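Right after this note come the structures.
In what comes next, chain A is part of two complexes: it sits with chain B in the first one and with chain C in the second one.
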Partner chain A sequence: MASLHAMLIYTLKRLLYVTPVVIGVSIICFLLVHIAPGDPLSAVLPADATQELVDQMRAAYGFDKPLPVQYALWFWKVLHGDLGTSIATGRSVASEVMRAVGNTLILATVATVIGFTFGTFFGFVAGYFRGSPLDKVASLVSVLGVSVPHYWLGMVLVIIFSVELNWLPPTGAGPDGSAAWRPDAEHLRYIILPAITMSVIPMGVIARTVRALVADILDQEFVHALRAKGLREFGVFRHVVTNAAPTALAVMGLQLGYLLGGSILVETVFSWPGTGFLLNAAIFQRDLPLLQGTILVLALFFVALNLTVDVVQTGLDPRIKRT
Partner chain B sequence: MQRVWTTIAGIAITALAGNALAQGTLRIGMTAADIPLTTGQTDNGGEGMRFMGYTVYDGLVNWDLSSADKASDIVPGLATSWSVDAADKTRWTFKIRPGVTFHDGSAFRAQSVVWNLEKLLNDKSPQYDPRQSAQGRSRIPAVASYHAIDDATVEIITKIPDATLPYQLAWIMMSSPAQFEKLGRNWDAFARIPSGTGPWKLTAFVPRERAEMAPNTAYWDKRRVPKLDKLVLIPLPEANARIAALRSGQVDWIEAPAPDAVTSLTKAGFIIVTNSYPHNWTWHFSRIPGSLWNDIRVRKAANLAVDRDGMKELMSGLMIPAKGVVPPDHQWFGHPRFNVTYDPAQAKKLLTEAGYGPNKPISTKVLISASGSGQMQPLPMNEFLQQSLAEVGIKVEFEVVEWNTLINIWRAGAKHDNVHGATAINFSYSVQDPFLGLIRHVECDLAAPAGTNWGYYCDPEMDKLLGEIRNAFDPAEQTKLLQKVHEKYVDDALFLMVAHDVNPRAISPKVKGFVQARSWFQDFSPIWMAK
Partner chain C sequence: MAAITDIGLDVPRLPAPRVGRGYWAGVGRRLLRDPVAVAAAIVILAIVLAAVFAPWVAPADPYRASMLRRLRPVGDALYPLGSDELGRDMLSRIIYGGRLSLLMGLLPVAFAFIAGSTIGILAGFVGGRVNTAIMRTVDVFFAFPSVLLAIALSGALGAGIINAIASLTVVFTPQVTRIAESVTTQIRTRDYVEAARASGAGPLAIIRVHVLGNVLGPIFVYATSLISVSMILASGLSFLGLGSKPPEPEWGLMLNTLRTAIYVQPMVAALPGVMIFITSISFNLLSDGLRSAMEVK
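And then the complex of A and B:
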């Protein structure tokens, strides 16, 4: 483990480097409204607004000021947690996005547990028994995981488990929607199908990665040396795990980032009220403030996640020298 | 020991008695992508009014939704009667129904009507709501001014004599002024705890996911106090998700099932209810300078290029091929001379005459939605049209937007930026009254923002006919004039006339007592759930 002092320095340096990334991301999100064709005001005003209202809004939104000034004002509001108002619903974007993020987090957590567990398991099995039929089966499962369109899989699961067998509900987050969500049996029934659907891609990717890592590590000289010294298999296994962990974690971190972004397709198939569902609604409704706010929050999550993975990786693997 | 038995007996009796009284919970999957606006003047078009308008609220004028066999007409709602001054046909007097209270307990009086009209029309009033105004203002173009003569009488003055005023007012819902004041004059707060006079009270509301309603036992029309314990609304804009929800028992009723699911639904024991109703599915053409649809030959060619019987097959029979703008058996159909049929050869001939052909192809963009109230199955139907038109040489590209967004673009008019250069909009219209069915699309003064003449069509001859209708306070005379207007619509091929819907719904056999009215709206009060 790298020294605590070095870790701290590294973490602070990374935080510093992340700042221009955050600013860059925010600039792109801000410009979305202006890239969209037409007067940005036409996207935020009711269709039959009077000229007086238009002028009022133009001043209120600051569209009469130069672009850099507009950006600074918008960014200042964002720093205070004000992401604007949704055109479609009139509700604050921040509250809508936070509620959706919460729902996606729940789904992503369960999908993570399923995907990472099975992915790692299949990867280890394939790596340890490489070349054998077991390896081929495990590899087949992981390839299928990344190849099958997951929204199609979701629909098939609904047909089998909801419509035909009537075991699980086809849509929604709970018997009363996402309000008052609790991790009880009733609510978990609603998560199972969407979580399985969302877990197949990460499962496939992680299985492939872990298999390659394990196969590579098992071939290295130090493993032969350990075995020659008489270390039992479980001891060797522990060494394989610690050596595979940093890379595997980096891959898992990225996969978690994708899951947190919510899958527009899966959340729409299951009407799961998360960020993907919200993005879908915002796109169709041309709700630019909502779109802007959601994308900004998701992008920032991704940046934070990358930072965390980098720091953890460095902490785990003393061989990685960071500057 | 005896206490235990008494308790058990007590619980058993309560449970049994409870079951006898419980009329059940009806869960409905809507095509809307969100819960319609709950503050009174709802959005999401006809579906919004059906589920969040006439449920939680009433208008001065309501619709008679009690019969499946005859056309639905207007009936007294919060107004017991109305009349127009014989000497000055712009003065209307509405008598207010006595003894009506809002859900919050406050009284409904003539002043409440004035307050609600101000909510939509006067942007200086404290209750003005831009969102409700955007939905409601264009429904009442006739209204010039209004005041309460006393607690029980409202006078409404129209801009010019207009016999269609009661039809316009049927669209205006009455929200509670007292509730608005109590909640700090905040419409967002009102949206969470709304108060109207309607047969249903909103009891729970999760945005984008679910709304729950319970009966208003103090409703002023005792025959329409709902029998159900609870009504639940769930937005399910994706057709497959709706069917899965019905088939798996998650909901008991879905709006607009996909036509190709009808066979499997019927086999599984679900009931498909249909009925004709005043509906028109069309492409509304833009008539601004430069639009290709300004040439009557192009409009007629497009109409002749569509194989409507083929489309009916695509819809598994769930549609009536159009011969005009109103259904062929409608009282305003008249005797148009242009025969709306499938004749691609004639279509090509007309396009050649208009100067188009392989050397000068036509290419244009049309706005459509993916779902929505009355839009039937927009994606396959529009693709069918795209293919049909391509076969005669008209290339169409689509811009697909969400239903509520399409409504906003429709209100904004064909010249607005949001139209992105499209020359037509696929919209479905109610034809249940003269204004909704025919007048609002073509009157010169009703272009945006004053009204919904989306295409900016203007023909003095048509305006003259419409003026005569407004002055026809005799129903027979009005019908004759409406027939003339309809004939002009068809003969001038003002729209792409495609289809009429049959209002399909797929319902669980446990749903009892439902009478499907010939209307865009339905009455949920007589419904109860069997065990």
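And then the complex of A and C:
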């Protein structure tokens, strides 16, 4: 473990580096509303609005000011936790997003844990027995994992386990269409199919990474030295695990971030009440403030997660130089 | 001493080294020896040819609906792969569907390859502030998971094939740029580039002769590895209703409109996804084969 002082300095440096990225992300999210075709006000105004009313609304929303000024005003509000008001529901975007983010986080976390468990298993088997039929099978599983259109896989799982076997519910997060997932037996049945569907991509990615890592570590001289010293295979295995763990965990953290942002397709298939579902609604109701707010929150989550993974990995792994 | 000379004379003469047949010929030869890559290439070729020659290959009109013959099962006498929710022939729609699905999956990668290599090579070759400005901008795009960025852009732009292709191009360009920049930066400091510069070659000549020849291969391999993701995302956008519009046959859209049919004809409903899966996995395997044939790490 590195000295606390050095870690602190490294963390501050990373924070400093990430600030322009955060500003860039906010600019892209801000511009989303402006690349949209047509007047951003067309969704709130009646079709026969008078020019006077249009001008009034334009001023009220601040659309009459130059773009950089609009951005500064918007960013200032965002810094205070104000993401605007949803056009469709009239509620604050921040509260809508926060409600949905919890559900997405639960789903993505469960999916990552499943994907990580199976991914490391397949990866270890493939890396340990490189070139064997076991390796071929494990590699095939990982290629399948990264190639499958997961929205289709979701449909297939629904067909098998809900339509044909009638074992699990096809959609929703809980009985009687409950909007929040709770960790009890009844709700657990609802999360199984979407979580398995979502876990396939991280499983493939993690299996690939771990296979390469393990194969690489087994080739190193210290492993030969350990074996020459007479260490049992289990002891060697422990060394391989400790060497592979920091990278594998870092990949897992990043995959969680990808799932948080990429859940929209799976959430749509299963009507899971998370951010993906919210995005879907925002897109089809042309609710641009909601779209903008949800994307911003998810992207910032992703940036924060990247930063955390980076700092934690550096803290755990003494081989990484802090620069 | 004499003995050694004698032995030297006894050594059978090795055949003269064959003249190199060029790098690409070697890549092609290695690729042809890889059975998995060859199989993947054949599958892709079959799907592409079927899509291009769809009017001759497809047994029926993909748009002709029949209210009386809706949702027929796979293996029906009239419909070999069943019929969809409007009674259209699934086999014909899947064959025609390849046109849009392939176009929407391949074009973004092609555009991103052109734009990303140009920007990345420029950044890598010029270096300095230009490099910093370009690469920091690229970092911002990396702060979005690809699926999220694709959906954000096409969601804001609105549904449509062109918008979907444009969104995916924006998603993939920064990724290609990053690879192009890193390989160009490596090449730029090589001795032969220094030698060329010292002997008076201009920047354009160096880029054309020394840089392009060495960086386009790795960038190309990387771009091919994006095709599978691009196919899945493009069909995914259509699946969400953000890509192609009905009644166009397109695999993602077909999957979407058939979602309600999973209780009646589950096999038929899952078919378009099988096509996306087969295409995506074939592109992945071919790209992997190309990577090892070109010995790119």
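One rule holds for everything that comes next: the second predicted complex is superposed on the first by the 305 of 323 C-alpha atoms of A that agree within 3 Å, B and C clash if a C-alpha of one lies under 4 Å from a C-alpha of the other, contacts with A are read in each partner's own complex, and residues count from 1 in each chain.
Throughout what follows, a contact is a pair of C-beta atoms (placed from the backbone, for glycine too) under 8 Å apart; a residue touches a chain by one contact, two chains touch by 3 or more.
Nothing here was measured: the structure is a model prediction, and the numbers come from that model.
Colleague: Of the partners chain B and chain C, which touch A:25 in the superposed model: first, second, both, neither?
Modeller: second
Colleague: Touching A:193, do we find chain B (first), chain C (second), both, or neither?
Modeller: Touch partners of A:193: none, neither chain B nor chain C.
Colleague: Does the superposition put A:146 against chain B (first), chain C (second), both, or neither?
Modeller: Touch partner of A:146: chain C, not chain B.
Colleague: Check whether A:288 is in contact with chain B, with chain C, with both or with neither, and answer first, second, both or neither.
Modeller: second
Colleague: Would you sort A:273 into first (chain B), second (chain C), both or neither based on which partner it touches?
Modeller: Touch status of A:273: first partner only.
Colleague: If we overlay the two complexes on their shared chain A, which of chain B and chain C does A:251 touch? Say first, second, both or neither.
Modeller: Touch status of A:251: no partner.
Colleague: Looking at A:159, would you say it contacts chain B, chain C, both, or neither? Reply first, second, both or neither.
Modeller: It touches chain B and chain C both.
Colleague: Quick one: is A:299 in contact with chain B, with chain C, with both, or with neither? Answer first, second, both or neither.
Modeller: After superposition on chain A, A:299 lies in contact with chain C alone.
Colleague: Once the complexes are superposed, what residues of chain A are shared between the chain B interface and the chain C interface?
Modeller: 37, 155, 158-159, 163, 268-269, 284
Colleague: So in the complex, which bits of chain A are touching chain B?
Modeller: Touching chain B: residues 37-39, 42-43, 46-50, 53, 88-91, 96, 155, 158-159, 162-163, 166, 169-173, 176-179, 268-271, 273, 277-278, 281, 284-286 of chain A.
Colleague: For a test of understanding, state which residues of chain C touch chain A in their complex under the given definition.
Modeller: It is residues 136-137, 139-141, 143-148, 151-153, 155-158, 228, 232, 235-236, 239-242, 255, 259, 262-263, 266, 269-270, 272-274, 276-277, 280-281, 284-285, 288 of chain C that touch chain A.
Colleague: Using the touch definition up top, name the residues of chain B that touch chain A in the complex.
Modeller: 33-34, 123, 130-131, 133-134, 137-138, 187-188, 204, 206-210, 234-236, 238, 240-241, 244-245, 247-250, 370, 400-402, 404-405, 408-409, 411-413, 416-418, 420, 448-449
Colleague: Would you tell me which residues of chain A are touching chain C in their complex?
Modeller: 20-22, 24-25, 27-29, 32-33, 35-37, 143-144, 146-153, 155-156, 158-159, 163-164, 257-258, 260-262, 264-265, 268-269, 279-280, 282-284, 288, 291, 295, 298-299, 302-303, 306
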